[in-house]
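We call the chains A, B, C and D, going by the order they appear; numbering starts again at 1 in every chain.
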Amino acid sequence: MFSFYDISNSIHQWLSSQMGSTAVMLIEMAIVGVLAISLFAFLGLLLVYMERKVAAFMQLRLGPNRVGWKGTLQTLADTIKLLFKEGFSPDASDKFLFNFAPILVIVVAMLLLAPIPFAKGFQIYDINIGVFYISAVSSIGVIGILMAGWSSNNKYSLLGAMRSGAQIVSYELSAGLSLVVIVAFSGSMSLTQIVQSQADGWWIFKGHIPAMIAFVIFIIAGTAELNRAPFDFAEAESELTAGFHTEYTGMRFAMFFLAEYINMFIMAAVGATLFLGGWMPLHFGNLSGFNHIMDFIPHIVWFMGKTFFLIFVLMWFRWTFPRLRIDQLLTLEWKYLMPISLFNLLLVALVVIKGWHF
Amino acid sequence: MTNEDLKSLITQHVSEAVFEEGQFLNAIVDGSKAFSLLKSIRENPETEFDYLFCQSGVDWKEFFYVVYHLSSKKHKHTLVIKAKITDRVNPRIESVAGIWKTAEMNELEIFDLFGIKFNNHPNLRRLFLDDTWGFPLRKDYTDDVNIVSL
Amino acid sequence: MAIKSLVSGMRLTGYYFTHHKEILTQEYPDNRETLTFGERFRGEVVMPHDENNEHRCTGCTACEIACPNGTIKILTKMEVGEDGKKKKAIEKFVYHLGMCTFCNLCIVACPTDAIKMSHDFEHSVFDRKQLTKVLNKPDSKIVKGVE
Amino acid sequence: MELEQPAISDTGDFTINMGPQHPSTHGVLHLKVTLNGETIKNVEPHLGYIHRSIEKMSEASTYRNFIYLTSRMDYLSAHMNNQACAMVVEKGLQLEIPPRAKVIRMLMSELTRLASHQLWWGALGLDLGAITPYFLGFRDREEILDIFEETCGARLTMNYNVPGGLMYDIHPNFVGKVKTFLKNFEDHLPEYKQLLTGNIIFEERTKGVGILTPEDALSFGCTGAVARGSGISCDVRKWNPYDGYETVQFEEPMETGCDCYSRYVVRIREMEESVKIIEQLIDNIPEGEFQAKTKVVLKVPKGEYYTRVETARGELGVYLVSDGSSNPYRIKYRSPGFSNLAALNTMAKGNKIGDLVAIMATLDLVIPDIDR
């Protein structure tokens, strides 16, 4: 059967037979870098197109339909346009931070790609503290947003950045706690092992109610961390014009835009990996016939299917709900989600100790 | 209150008030006496004009009127007070923004378009036009650039 | 309760996502051929001419008076009719499209139905001078019998 | 760049300019907002970005052709504006318009009100961050605009009223199309409630926000849904019926919450009432003339005339001073948006920026109506 594991292994072996280990590592790093960047660009284009189409269909519109077949090349055309646009920077801005902020944001998004297992054995870096790594690195992104807001020398930007700071600091907690639930269940922080532990069923099914609660909290907190509606305070178009990226144009703006969609992909991928079994096919206890059919679907399809399902849910939220207010957002976190997560963690500890889960 | 009662009430306050019957009862009083009259008919429980539904200026070339259209939600009667201002160079009248809050914005508009200054207005500024502009709703206003006569 | 209200909203958008039939928007430049207008749609003022290059305008300037913006200017000349009498006729019916607000007052005012509103709504031009139009065609004459 | 004064004062207050180009000021409204953190301390409106001095322009026009200008004031209730102006001239001339014209005017007014509220509903959703309502609101609005286009010739600035009645008779398709619209709208109105009214986020955003006490509402001269949301009965159609409104049965929706949510509910219920009025009238359009006979040149006798209509935003008053010539001597439009805007500062103080947007959306401001 077609497998990424075999491909990557055979490449590695072929390279090893040709040259020394340092050169192999360098070449492999280059290959991975090229793959990661092209995945980045491709995902950016795909997700923007998908969002526009989903939005259009929910709003009884056609969506992009001019460039390419059914508008598929529209996002490419937009990218080319953004590349050619002049990148303004305000006179009184802090030039260094202003230029550095979008790069920081996009680098963080790239770093997050490292520990995600796309298919069996197909992973950039199988780090044994993957969950910890993700929750640690993802909070660096907010520094980029704060830098952007501060350096723009615009009060709207500043307000947006401060909102974003408050928001991400708060929601990092419940997002982290809901990840800890799965860590407790599987007993490992490595994403590969978490996926392996779901071979006989996904955690959302195996983990009873605590896993469900953790999943819902993860979706809410994840949406908030992504700065997406209904939690898009950092931008809050109708309140702060464009929030932290009010002053950004051209490719610098495109970087923020791209990072937002990559982060969305990563959020959905982490959610799919931890709660929905990653690339594991859907297995039900003893229906071996059914399980066997499911095995025929390639792992990458399972992974992408789950991820894009979660992305679709996020988009569905965005095109349905009104935005909350900043103080309501913080109330939701500190008064509801946070206590529920803590209590949920306690429950999970009990379940795990007693071995009640499947 | 009927129009007759209103007339006698106003005459008690301002003896030289002139009345005109039309769609509503009109009372023309001098600008200097308008404020006390308006304040008293707002506070008098028998009249209680709590709703200033229109405040405007009219330029009659020799003098200005500041027209207050008043009605009462409770007593359901309507009255029009016209405060007459004869000074064209430096027209002034007391502000009623303390009595009806809607007057604050309306008086800004009247100041902007007629140049009538309101004493004790909380924040008298040009609302629409910049400070160097004339007062366009005055009849003697001319503008060769922006007004194209047909 | 709270979650129920959120789900009901999502059900609506989800319903429209899956039942994608009705389209609200129009693909404008592509559907020029199929665009329909009400017959009273106000595009711009035109003066219909018949096949003999004849119009119905007597030059009475009722439309010029009715126009609130000075959009219409009628230049008249004296013409000698067939019966030898001198008669007023239009030389130029000048229409400044740039000043027109499409209020329809001139059409209503016209006693001889000489002008009407066309359905042409794409008025943008590169040169403002093109917005000043002469509505009567060169050498056109008034239809006989219209006074 | 040297700043003359620090951007943030010692107490932590700072000023931001909302507008004239801002997504949620619905046009060119310019608000100078003093903030402390996210909390609003003061809101000062600066107007004039779309001031065309319609009052001055009207003074130069005749009684027939000043009416079209008022479509450009509150463009969402263009028909009611035109009606108010036509009515003031009719009042001056003591002209009785035919019953057919009255009924058609009422029908058109209610359709305009529906169209305006549909746009308002969509824009409210947009201001609160939900984008889908905008398109659903426009779906129904387009249907009404198509009806207008067929009968009046224009979709927005209709100019369908003339002194003495109407410019044209209704189009033969009018009755059928209105009935189709009513049927569609009955299906669509529950969706409005599904998407916003019951939504927990929406309720959190609007309940208890932007409190306007009844005393303030009256003192600020607020009308329309703004005053009715504070429990003040002010529907001109009830208190001073015009053009036949005394013959139709409808309720004046009132709420006592004094907050954004009350104003929202009032407008939603107003839509239901408008549907009721249309249903009563659509089968009973009397036959006859649609325009009273008038002279070619109208001269309103010397005097002062005041008419009011209930537009989608509140009470529009037209104060006409005539000196007996063929032009108005002075025309004052008492526009509902102007008075409602005055209350913004009182409502917004102490709330957050997000609330300011919600409050402005429920005030339903139309800037050309405020600037004139």
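In this text, a residue touches a chain if its C-beta (ideal position, glycine included) is under 8 Å from a C-beta of that chain, and two chains touch if they have at least 3 such contacts.
Because the structure is predicted, anything quoted here is derived from the model rather than measured.
Relative to subunit B, the most remote chain by averaged C-alpha coordinates is A.
The interface with the greater count of contacting C-beta pairs, when A-C is set against B-D, is B-D.
Centres computed as Cα averages put subunit A at a distance of 55 Å from subunit C. A straight line joining the Cα centres of subunit B and subunit D is 25 Å long.
The geometric centre of subunit B is 43 Å away from that of subunit C, both derived from CA atoms.
Per-chain CA centroids place subunit C at a distance of 28 Å from subunit D. Across the assembly, subunit D contributes 132, 135, 139, 195-196, 199, 201 as residues in contact with two or more other chains. For subunit A, residues that reach two or more other chains under the stated contact definition are 58-61, 319-321. The set of subunit C residues touching two or more other chains comprises 6, 9, 12-13, 22, 24.
Note for the complex: subunit A touches subunit C at residues 54, 57-62, 65, 316-317, 319-321.
Residues of subunit C that touch subunit A in their complex: 6, 9-10, 12-14, 16-17, 20, 22-25, 27. On the side of subunit D, the complex with subunit B involves touching residues 44, 46-48, 51, 53, 55-56, 60, 91, 216, 218-221, 232, 303-306, 308, 315, 317, 319, 321, 329-330, 332, 334, 338-339, 341-343, 346, 371. Listing the residues of subunit D that touch subunit C in their complex gives 61, 64-66, 68-69, 132, 135, 138-139, 142, 146, 149-154, 157, 159, 162, 167-168, 171, 191, 194-196, 198-201, 203. Of all residues in subunit C, only 1-3, 5-6, 8-9, 11-13, 22, 24, 37-42, 66-68, 101-105, 108, 117 touch subunit D in the complex they form.
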